[in-house]
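When the chains are written out, they are named A, B and C in that same order, and each has its own residue count from 1.
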Amino acid sequence: MTPEAKLQSMGLELPKLASPVANYVPFKISGNMLYLSGQGPRDPSGGAITGKVGKDVSVEAAYEHAKLVGLGLLAAAKTAAGELSRIEVVKVLGMVNAVPEFTEQPKVINGCSDLFVAVLGERGRHARSAVGMASLPMNISVEIEAVMRIHD
Amino acid sequence: MTPEAKLQSMGLELPKLASPVANYVPFKISGNMLYLSGQGPRDPSGGAITGKVGKDVSVEAAYEHAKLVGLGLLAAAKTAAGELSRIEVVKVLGMVNAVPEFTEQPKVINGCSDLFVAVLGERGRHARSAVGMASLPMNISVEIEAVMRIHD
Amino acid sequence: MTPEAKLQSMGLELPKLASPVANYVPFKISGNMLYLSGQGPRDPSGGAITGKVGKDVSVEAAYEHAKLVGLGLLAAAKTAAGELSRIEVVKVLGMVNAVPEFTEQPKVINGCSDLFVAVLGERGRHARSAVGMASLPMNISVEIEAVMRIHD
């Protein structure tokens, strides 16, 4: 099953590639490496999903937000590579907009990591850091960037 | 026009390469990839420019700080590559020393991104994350690191 | 002297490779580049070492924590490359779980950087950013991730 078919079987759809909110591009390719800009969670109409995790947003809700970010990153990767079967996830930096006493960043970012593994299988498994940020653009709850590899 | 001539036409000058404040080097090359250490903004005498954005420092002032960091990163890139025409910006991580309710990180980091595009043209366009940090060394207002590519 | 012998001469031992606390892997190799997941400091029994730097944890203690993280990263690198003589450190991102007014991130992350240079010599020297995070998983005091190069 292709990753695209897998997504469909999970009832998931790739969002339209978001326009960067400032002077940068959604991804950049160097050799066979794909560098993806940080993205935040977006609702079906494309609006930013916001809130401090540990105060306005629960871990469970933030997990779903991270999954939405994962879909956005896959959308960018598909635009870059043509098809997701060529994509291998190498490194993820998961940044949670959290209160200072928050400690469950890994559970939040699993929303994205679980999606990558479900959709891409072995090639979805990646190195990762999951950390807590003081603040994020537009007060989005989660921002995730990634380095991926494009196979021939 | 070379990037160096472009800088001159903009009335800008590359600063002297800053000495790292601890046990690391300003950049490292692996293959054709150039990894630049995070830098902060420095005044003409080389002193650190400090302050929390959203409290001590306005967005407009922080934009100028990010532009100064961009000049410092270009100075390191020129040292690494000999001339800026060989440099392509791949990925920027822009970190703003901001209060927890700050939401305009993208506008701040544009100070660096706009400079890269103005000086390097298409090769200045890059993937990016712009995020808010709880604290930064010496209380600098902005810290930016970058991955670049060195062309033959 | 091999890096492994150097470690022994310093009275240091590589810890067992920690199991990731969530859905990711300790490292990923792409070509000759090695991407290491962020790690925190662990005590001899493998437990997480926690606390806010600048409040619960002094700079001196945090330096030792960063050194422990460095040992954990070397353990992952050795697993990836077979022997540490093949490893060159390229880029370090050092993240300190600090109070908002903390300014000595570089002194803390030197605990890791000093270790890399002591054990690997010239190949241990690296580009770096050292920054302050609002929060970290399990309230660990320091988290460090790295990009390394594997030589033939």
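One rule holds in what follows: a residue touches a chain if its C-beta (ideal position, glycine included) is under 8 Å from a C-beta of that chain, and two chains touch if they have at least 3 such contacts.
This structure is a prediction, so every number in the text was calculated from the model and none was measured.
Shared residue numbers account for under half of those found at the interface formed by chain A and chain B, and the copies are therefore classed as meeting with different residues.
Taking CA atoms, the transformation carrying chain A onto chain C includes a rotation by 120°, reported to the nearest 5. A separation of 25 Å divides the Cα centre of chain A from that of chain B.
Contact of a single residue of chain C with at least two other chains is seen at positions 93, 100, 133-134. Only residues 20-28, 30-31, 35-38, 52, 93, 95, 100, 133-139, 143, 145 of chain A touch chain B when the two sit together in their complex. Those residues of chain A that touch chain C in the shared complex are 32-33, 88, 90-93, 96, 98-107, 109-110, 113-114, 117, 125-135, 147, 149.
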